[in-house]
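Quick one: this structure, given as structure tokens, is what I'll be asking you about.
Labels run A, B, C and D following the written order; every chain starts at residue 1.
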Amino acid sequence: MILETQNLRKYFGEVHAVDNVNFKVKEEEIVAIIGPNGAGKTTLVNVITGYLKPDGGKIIFMGKDITNASIYERIRAGIVRSFQLVNIFEGLSAFDNIRVAINSRERKEGKIFSLIDRDTTVTKEALQILDLFGLPKDTLARDLPHGDRKLLDVATAFALKPKLLLLDEPTSGVSTREKNKIMDVIIPAARKEKVSLVVIEHDMDIVFNYSDRIVVMHQGKILFEGKPDEVREHTEVKRVLLVG
Amino acid sequence: MSNIIFLYLISGLYYAAYLFLVAAGLTIIFGLARVVNLAHGALYAIGAYVAAWLMGLISKQIPPPLWYIIIIIAGAAGAAFVGIIIEPLLLRRVYGRLEEFQLLLTFAILLIIEDLELMIWGPYPLAFKEPYHYLGAVSIGGGLMYPLYGFVVIAMGWLIALFLWFFMTKTKLGIIIRSAAANKEVTAAIGHNVKSIYTKTFILGATLAGIGGAIVMPSATAQLGLGIDILVFAFAVVVIGGLGSLKGALVGSLIVGMTRVVGIAYFPEIELALIWLIAVIVLVFRPLGLWGRE
Amino acid sequence: MPETFSNPKEVPPEARSKLSRRELLGIIGGLVVGGAIGAAATYVAAPKEVVKEVAKTVTVPGPTVTVPGPTVTVPGPTVTVTPGARPVPTTPLKIGCQTFMKGGNAPLGVPLYEGLVAAAEEINKAGGILGRKVEVIVRDEAGTDETVKEYKRLVLEDKIDLYIGLISSANTPAVAPHAEELKCLSLFIDGCTDVVFDVVDRNPVYVFRNHFQSPDGLINNFQLMRLYKRKTGKLPTRFAYIHPDYGYGRLVHAHARYATDKVMPENVNAYEAFVKFPGTTDFSAYITKMLEVKPDVVLSSEWGGDFKAFYKQALGYGYFKAIPVFISTLSHGTYPEFLETDYPEGIGAGVHANYWFEYPLLDQNPVNKYFVDSYFAKWKRYPNFEAEGAWTMLWAFKGAVEEIYAKIKGGWPETEEIVPILERWAMVCPAGVWQIRKDNHNGYKDAISGVSINDPKLGFNKLTDPYYIRVDKISAPPRWQLEVFDPKGPHPTATADWIFRTWKKGELPDGVTL
Amino acid sequence: MISRKGLISIIRKYPIYTLIIIILLTLPIYAPSFFVIQIAYGLIFGITGLAFNLLLGYTGLLSFGHAGFFAFGAYMMSLPIRHTGIVHTLEVYLAFAFITSAALGALLGLICARRTRIFFSILNLSFGLIIYSFFLKFWGFTGGADGTHVPTPPLLGMKFAVDKEYWMTHIYYYYILAAFFICLAIFWVIVNSNFGKTLQAIRDNEIRAQFTGIRIYRYRHIAYIISVAFTGLAGCLWAPLNGHTAPEIAWWTYSGDIVMLTILGGYQYFIGPVIGGLVFNVFKIYTIGYTVYWMLLLGIILLILIFFIPRGLVGLGISIYNRLTHKKGSSKG
């Protein structure tokens, strides 16, 4: 068990965005979180990754209690996330985005007197990741097409060699053909690096094709979790998803 | 002894009154357009110069009581006129751009207006002759006197504060300006021409600064560099009170006004630094100022 | 060169050229090596212990003018020029001038330029100096930094032959060292702080000055006591002060305090304020504080636009009724028309202890009449002490050049030859008898102060009932600043040191009567 | 270290910059002495611009108080001389100014490293004005508005028995040039190091930087310390050249000048502030000389800069250079 939350709570006034959620992720597992808008999916990820402070409950990551750990400590521990609205270093090239992430992972992002271009190991690794994600080397992040920007967001998170990668709608705002292309890059990469994935996703085909297990959230609670085909037949889930 | 304290209080209020007018203009413009208008000091100086120049011309011909209305109208008109020119022509082009360029543009306008003042009104300071003494002074006990005109300025400050509160909360334009400040896109969506709101707000701000300059003129002189000096104190007020908040500008100008008086009377060495120390302390504990919003 | 960007909304740059490691090293190497070569070249080229030969000073036995008996030398006909060994250049004599041309200080500064131009035109009409026409280049005396840079440019780029100017006591201490180092004859008009020749430039060679400051603070301080005694029959005990916060204000204060502590040991320093200058337009808090401490007399050295704001606000507070006697050392120093008829009467009138155009009386001093008439004809205004200073300085320079020219029989004299003549120069100028002292290159003339009175006919407030003190009674004797005064010591100037050591407690110094 | 072939390839690749270096090295031989002095001032403002741009261009923080730190560095030389009367070799004061400015930056950085955008600018405006009022008001200690005279210090322990003009235009000019090249190299390394890239990441997206494990306040604080330290160093280099330190150089309009020269040069480029420093100083001095309305001229130039060449002189130069050399290729910007 790589991640476990024990009746995690997060309230915004009366709105119980996350209401006593016990969410579990196993090693090398790909978990999809689905549910109507406002079900608390993003809030759950925000609390796990330290972006929001929980109102109650505990988060155990690899046996350690990280409920009140800082963002910095969680990333060092191996919990990394990407963003629904793309957050990338606009003024830097894709290559530089990756290199900054690698430098941060290797704890040498603060080195003043070592020229970044002379660091061959980092450069080599960055190029590998660029190939893995099929991203161009020199174009500035801002000039990339929307699909590539989403990929770069994930790639930068990926470059931190996380143990648990949480992706917030990695394929939103992209055509279905592009969606599959993105997932066909992310999933094999995760498998190869033995990274467990948590993906918030709306597109049911993506959810059913790519995830090992699915968790359905509704009004801050986990309604049901199970294998993709179990979820497909579950009447209650269908009603919630259809009605929303 | 109490009348001396009263005199200190009044001179603090006097300084706070016209400082508020400049700061209010600065904070309204920032509240809406998110532009820090360094040229605002120049609008204050324009108000002062126009009032001093006009009074020099016509103070003989018109009856005394009218002087005070003429001064305010002259100052307001002069600054508003400059506002009408620079907002659509220059400022409108930088609203969307980077902060560095907005600051630099307003700095350029400040420099240009400083030299235009030199061109139009010449190198020497302009001053009024009579109106300040026309109202005479009132004895406040212990052989001490206080010029009635001081009360006029203080009253003017509070009146305009009241007017601004009324304008912003009760009039249609006021509410539109506040809504545009809160959310430009929505205001535009419901059919208001945001561009003209910007211009109107800027002119309102300019008028306030112009009036501020004009009402001080009878007791002082209009000289070059006036705009640059008042600006930094207006900044202190806006920073302490909170960028974009009128309440903040009012309280901020009172704080700065009183600090200056206390500094001059009891700690002459650090009088100037005192104001800025307060600004830094406020910014440390309340980064957005007392009532600022992001 | 890789570009960086701070905000996506900006136009994206071209794809930057990739820099290979070799080129990167090349550039850094080139830069550092270039710097090293430059530094080495300087080290080799620059001569070390060789002292440049300073021209031997020419000692010329000249007539010593007996000061008390005024020999009237009206600026008369020029000396006929005979071509000597060194031909007199025909190019115009370029004079660099710096003074306040705009802003709150312009009412004091512009007359300096006007006085200089008035003198230059008369000299040119009379054939110039040794046939050379005089040409004035004027630059605004802005902040201390711009003034220093502008001075260097006047000397090095405009190649001026002579420098006349400077008003602010912040600028003369800054410019004097550069004048000595750049060897440019610089005749300061104001910037009167004694610090220039007492501390900064103790053995001046190329720098002279029309007047200096200590008599200014002292005579106006005595005038305060005199007017208070005239009004109440006894001497004042509670003193208050309000000065501009720069050299001039600080030293007027220092000298006044030294004198008052000596003459009246039991005096009380009720309040002293140093106000940001220029640019203070709201004096209400300062006025309130002075009303609170209830002083007998107030000495100030505010002037220009700020002073006008001060006295207008003070009138509103009934300040001049509450304070028995007030004087500003420079209230009447700006051009006379600047101080309007709303200025209170019967209080002190300060003219920087130098000159008010009506005194000495025009019919008694033909030089003053000649100056006031020609100045008014040209500028339609009456002159102030800065105008008189510049006017006198240029005529003194002309006289010195012509005197040395007659001695060395020919050629335009070197600056090093003019300096000894100027060092013992004495003449009757519009302000009366004026003499430069050799040891500190300062101009000495008797100090004047007065009482304010409105003149409806002239339309401004003017000085009347002049009060004189001989300048040597209220300033350090010759060579005091070199032999006795220690610049690192407790006293700010030689005169303050002299007062501290020689004046007796509880008595007026000799030569001073109230 | 660099082979002859390497050197030639660089010259071919960057003809303009090598040309500038050659001109700078040989300037005192042919240029009029006043112009050489102004170029020396320009080089010092270039260093100040580089230090300032480490915050603006690379960390996205606009400070309106850098003139205060510049004045602080200058006073760290003039005050010791004023109070001890001894004039050590210049390196002593440069080190002293650098260390005290770094300490000042560390202290003030604690307050403003957490602020951004307009709050950072105004906070620094306040720091600059506090420094100004300290130098102005404490008359006894700092000489107040008159400031303090700075005599000619020995360089590298050597006193040169030459007149001041020769010293400024030949000896001290090369000293400043050497200091300038060293600072240029240091900033080049800082900007192109891991640290430099991290700063740009923080500038572009704070949230992403935080979620990439970068402690943004720590690195902003370090950048602030470096910037203030080198601005103080530039101030200390400026003091002997100017010969005088007065409090007014800390007044906020001079901070405006620093912002102006950086953007004039083009803050999006590493070399921008240097070109801006040189051009701005020469331009300002010659306009002050020739017209009383120099502020008007400066204002108009600024308007042109903002509306027509937002990418500064260097940006303009590069786009012209590209247009000339790649006639066929279209060039944006």
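The criterion applied here is as follows: a contact is a pair of C-beta atoms (placed from the backbone, for glycine too) under 8 Å apart; a residue touches a chain by one contact, two chains touch by 3 or more.
Since the structure is predicted, the reported quantities are computational estimates derived from the model, not experimental observations.
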| request: Kindly indicate the chain pair that has more C-beta pairs in contact than all others. | output: C-D
| query | Which chain, with its centre taken as the mean C-alpha position, is closest to the global C-alpha centre? | reply | D
| For chain A and chain D, what's the span in angstrom between their mean Cα positions? | 43
| task | Express in whole angstrom the distance between the two chain centres, defined as the mean CA positions of chain A and chain B. | result | 51
| query | What is the distance in Å between the mean C-alpha positions of chain A and chain C? | reply | 74
| Mean-CA-position distance for chain D and chain C (Å) | 35
| query | chain A: which residues touch two or more other chains? | reply | 90-91, 115, 117
| Can you list the residues of chain C that touch 2 or more other chains? | 4-7, 10, 12, 24, 101-102, 274, 276
| At which residue positions does chain B touch at least two other chains? | 97, 118, 272
| message | Applying the document's contact rule, which stretches of chain C touch chain B when the two form their complex? | response | 6-7, 9-10, 101-104, 106-107, 110, 272-274, 276, 278-279, 281-282, 284-289, 291-292, 304-306, 308-309, 312-313, 315-318, 321-322, 338, 340, 342
| field | List of chain B residues in touch with chain C within their complex | value | 4, 7-8, 10-12, 14-15, 96-98, 118, 123-125, 127, 129-130, 132-133, 137, 139, 143-147, 149-150, 216, 218-221, 223-226, 229, 260-261, 264-265, 268, 272
| remark: Within the complex, chain A is touched by chain D residues 189-190, 192-198, 200-201, 203-205, 207-215, 218-219, 222
| said: If we count contacts the way the header does, which residues on chain C are in touch with chain D in the complex? | reply: 1-7, 10-14, 17, 22-32, 34-39, 41-43, 45-52, 101-102, 139-140, 142-146, 148-150, 152-153, 156-157, 169-170, 173-174, 177-178, 181-183, 193, 195, 200, 245-247, 250, 274, 276-277, 488
| remark: So, in the complex, the side of chain B touching chain D is made of residues 36, 38, 90, 93-94, 97, 99-101, 103-105, 107-112, 114-116, 118-119, 228, 232, 235-236, 239, 243, 269-273, 276-277, 279-280, 283-284, 287-288
